[in-house]
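Please find the structures below.
Here come two complexes built around subunit A, the first alongside subunit B, the second alongside subunit C.
On to the complex of A and B.
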């Protein structure tokens, strides 16, 4: 009991209020993520309002009870637009993060499990791709297609699998030399069986964590690409296109069309990152600082 | 016949752990290998079990010299060896229940239909109850886990057993039980045994002959 207490203290006594701050962060994140998911899933089917409905007589109204977030330059309700935008951004974020994780895990596991020349070759390709600024590479990829949701997903996924590949490869390399892998080889297991039965299940928690951490990052990329006019077409409400179309009115003193979509980008992504951070600390307290957003 | 000729092996080509070691084991023979900690006994065991490619030297198995190692070695050669490692915790996949752990070699070699029967038979042999078989490695003691590891090593009825300090971290009664299981298996199947350890008394009682690490060098040491 005594040793257990001491070993916990060795990790945790960074500051006197460390624990309560972390709990508060975890709870706030959990509430915000739940609220986001509920809003995104429930509002569109329940509220039978048309987010595209144009009302030029009500353009650029400041926040009021009728329009809590105000209206945009063609009189569309901003709260509704923000919820629809968040829906698209979340979809892009989750799809891109999942795709990137699948690619990264496959590449990293292959490199780590094969080792030798194959490993060196694959990892040099990873180094080469990651030496190109990834936003630039993303813009290049997305510019090859017509604007839409899937080109953005592809662009973000193809530029973000590299860190996952590195994490998974490192993990596989450390697992590969364990005696239980020797035992499996001696028991007649093929390379494929060793990878699928023993290596992949062991790296799955790390890969899943990397995927969750990537969701907010992918959402930022979607916003950035849409803001640059390359991502989604302007009529599709996404948080990036909302901020982009609102730019003009900001200079005229109308702050609400920029502020609220901006908050919708920042708050859910920070909440997801907060949840992922808590999970990371939970699965391995000593590796708190290894994965960065 | 398992022959190791002038094996030099290690993890860094410039600093081999094992230099010029030679050892021969006849079918049905039990050879005990004694040596101090860190001298390279386990590396030699891994070479003998085709798990580690030596830098030089040859391994001859039943008259044929071995050219490929680990996954590249033909499956029937790899599975001719049953290996029990020193630390049961590290040599068992933490996610598998003991039943799956023991059945793993059978599943890996495509003998799913006979696995349930064989696992039950092996569990009785090594003394594991069905309650223990349903647990995962962290839920059983080192001794119980080592019993499962021995059962796994015997699952494919290997012709050679390599016990790398199998009993180093076990109590006297478990040691006695595991040695008895190995001896029973050898008497019924005529398998050869390479038992590695630093317990001279145990190895001398257990094995037909014991060799000391220092006598393995085929050439006199130059240093």
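On to the complex of A and C.
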């Protein structure tokens, strides 16, 4: 009896019911990502409100219609601060993810295309760097170069290119034995031409997927560094500095300055992961069951 | 077994050497000045001659490789230098704090593995059910949530609203001695939050592993023989589904260290992870270099453990062939 129930459940789980939740998840993710991008792009030029406007008579107000997220300890509107913080965090995340993807793709493609001892040497370097915990390496780099926007971008990029390098190398290795590469080589194409014209375009979808998935990671990294006081300066609203500055009011019992910046990290992360998961299913349906995030 | 462990250690040693060298290279490329860091505010009033003498004493002008070699040889002799922010020898800082970090991480890790296995099996047992969907969605949401944010909200809820647990530290500020029940009550929140940050990964992997195992032939055979669903789930699917998870446990050390860095800072837990953050804020290079090396060593040991566990638990893998 139990087995029968189970087999029905297993059957249903891949049937129409499952598909509808998947579409729902995809649509929700798409809407949320669009909303995030629009908020980040449109709010500062269109909304004529000053995020730094201090109003001491309205400090630490709980969420209300006038201030949906409440106000912070000097009376700044938290919704506006969160949108500006998201903008900074997302910019840092995108910049770091792009840099990391360029480095990772270059290194991975070089290792895969050259093969032999060069490949082994390069992958040894990748293994070595990845044996230092990422946040710790980031903390070390930022500590040595003093906190600021660029040290944060560089430290996040330098700790995140490793996975991209591994993915791209594996992809290049699997492509190398394909007939069209053999055809290009026997047609007299140079090593460089094969790499740039044939191998690189073929690995780009994978690299792009890795880059998109890296943006939330990089955002997380930035907020962790900023939260520890080793990231962006406190007067710049980023999601990490917002949580950091909210610590004082949290200990006084006001929860809203802490809660909302955190939600602004979680929601885009889940939305981007949802979209990237759907994209991965399209370019590689067999790997559906793999975890994203 | 011992030979394999020995061989793996030999592979890990060069990695550790390269990492320590990299640490020195990054410091050499940065604008960080050891003389100013050593002298602190006293450097502002000091004349050039004193600074030059100090520079000479500290060996700052020696080439990078010479400084690195000097550090390495004295580190092997147990001298890791002087920590400026803790005003103690680095070795003493690590010795005093390592035990608290290990305690926190061990408890959090065991908690995460046990709860993760339980939730993962429950979710995999009925795929697509309400419970499965709740567990999976919660796991994804938790994975996306920054651990420092969860820690702060936990402080707000348990220490401020309900006032049932202390907000941080190792003992109450009034107490002089470190007693067991003090430490235990102060450990609950940090360990719980750290476990919560490691939980999603275990839950999702166990769910995946057990779910995959439920679709395999031995399970189908067991069901065909009329074996009870509980035995199928716990005796067959869990055993083969847990295998990849168990072996990956060792490779979770970096995430554990990352979590500990943030959790210890939020809860002022007197461990080495919190010391790392303090060292970074004060640019205390000797302490930072030692702690980075220590963390890398922990990661390498974790990887070694993962390899060995893999060989131990999976009879198809022969240790001699690894």
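One rule holds for everything that comes next: the second predicted complex is superposed on the first by the 272 of 293 C-alpha atoms of A that agree within 3 Å, B and C clash if a C-alpha of one lies under 4 Å from a C-alpha of the other, contacts with A are read in each partner's own complex, and residues count from 1 in each chain.
Basically, contacts are C-beta pairs under 8 Å (C-beta built on N, C-alpha and C of every residue); 3 or more make two chains touch, one makes a residue touch a chain.
All figures in this text were calculated on a predicted structure; none of them were measured in a lab.
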Contacts of A:201 with subunit B and subunit C, given as first, second, both or neither: first
Subunit B versus subunit C as contact partner of A:142, first or second or both or neither: second
Per-residue contact with subunit A, leading partner among subunit C and subunit B: C
First (subunit B), second (subunit C), both or neither touched by A:228: second
Which superposed partner A:193 touches (first subunit B, second subunit C, both, neither): first
Partner chain(s) touched by A:184 [first = subunit B, second = subunit C, both, neither]: first
Subunit A - residues contacting subunit B, complex: 178-180, 182-191, 193-194, 197-198, 201-202
In the complex, subunit B residues that touch subunit A: 46, 49-51, 70-71, 75, 78-79, 81-83, 85, 87, 90-93, 95, 104-105, 108-109, 149, 152-153, 155-156
Contact set on subunit A toward subunit C in their complex: 2-3, 6, 9-10, 12-13, 17-18, 21, 127-129, 131-137, 139-146, 216, 220, 223-224, 227-230, 243, 246-247, 250-251, 253, 255, 258-259, 261-262, 265-266, 269-270, 273, 289, 291, 293
Subunit A contact footprint on subunit C (complex, rising order): 15, 18-19, 22-23, 26-27, 30-32, 126-129, 133, 140-141, 143-146, 148-149, 152-153, 155-156, 160-161, 167, 204-205, 208, 212, 223, 228-229, 253-254, 257-258, 261-262, 265, 276-277, 279-281, 283, 285, 288, 291-292, 295-296, 299-300, 303
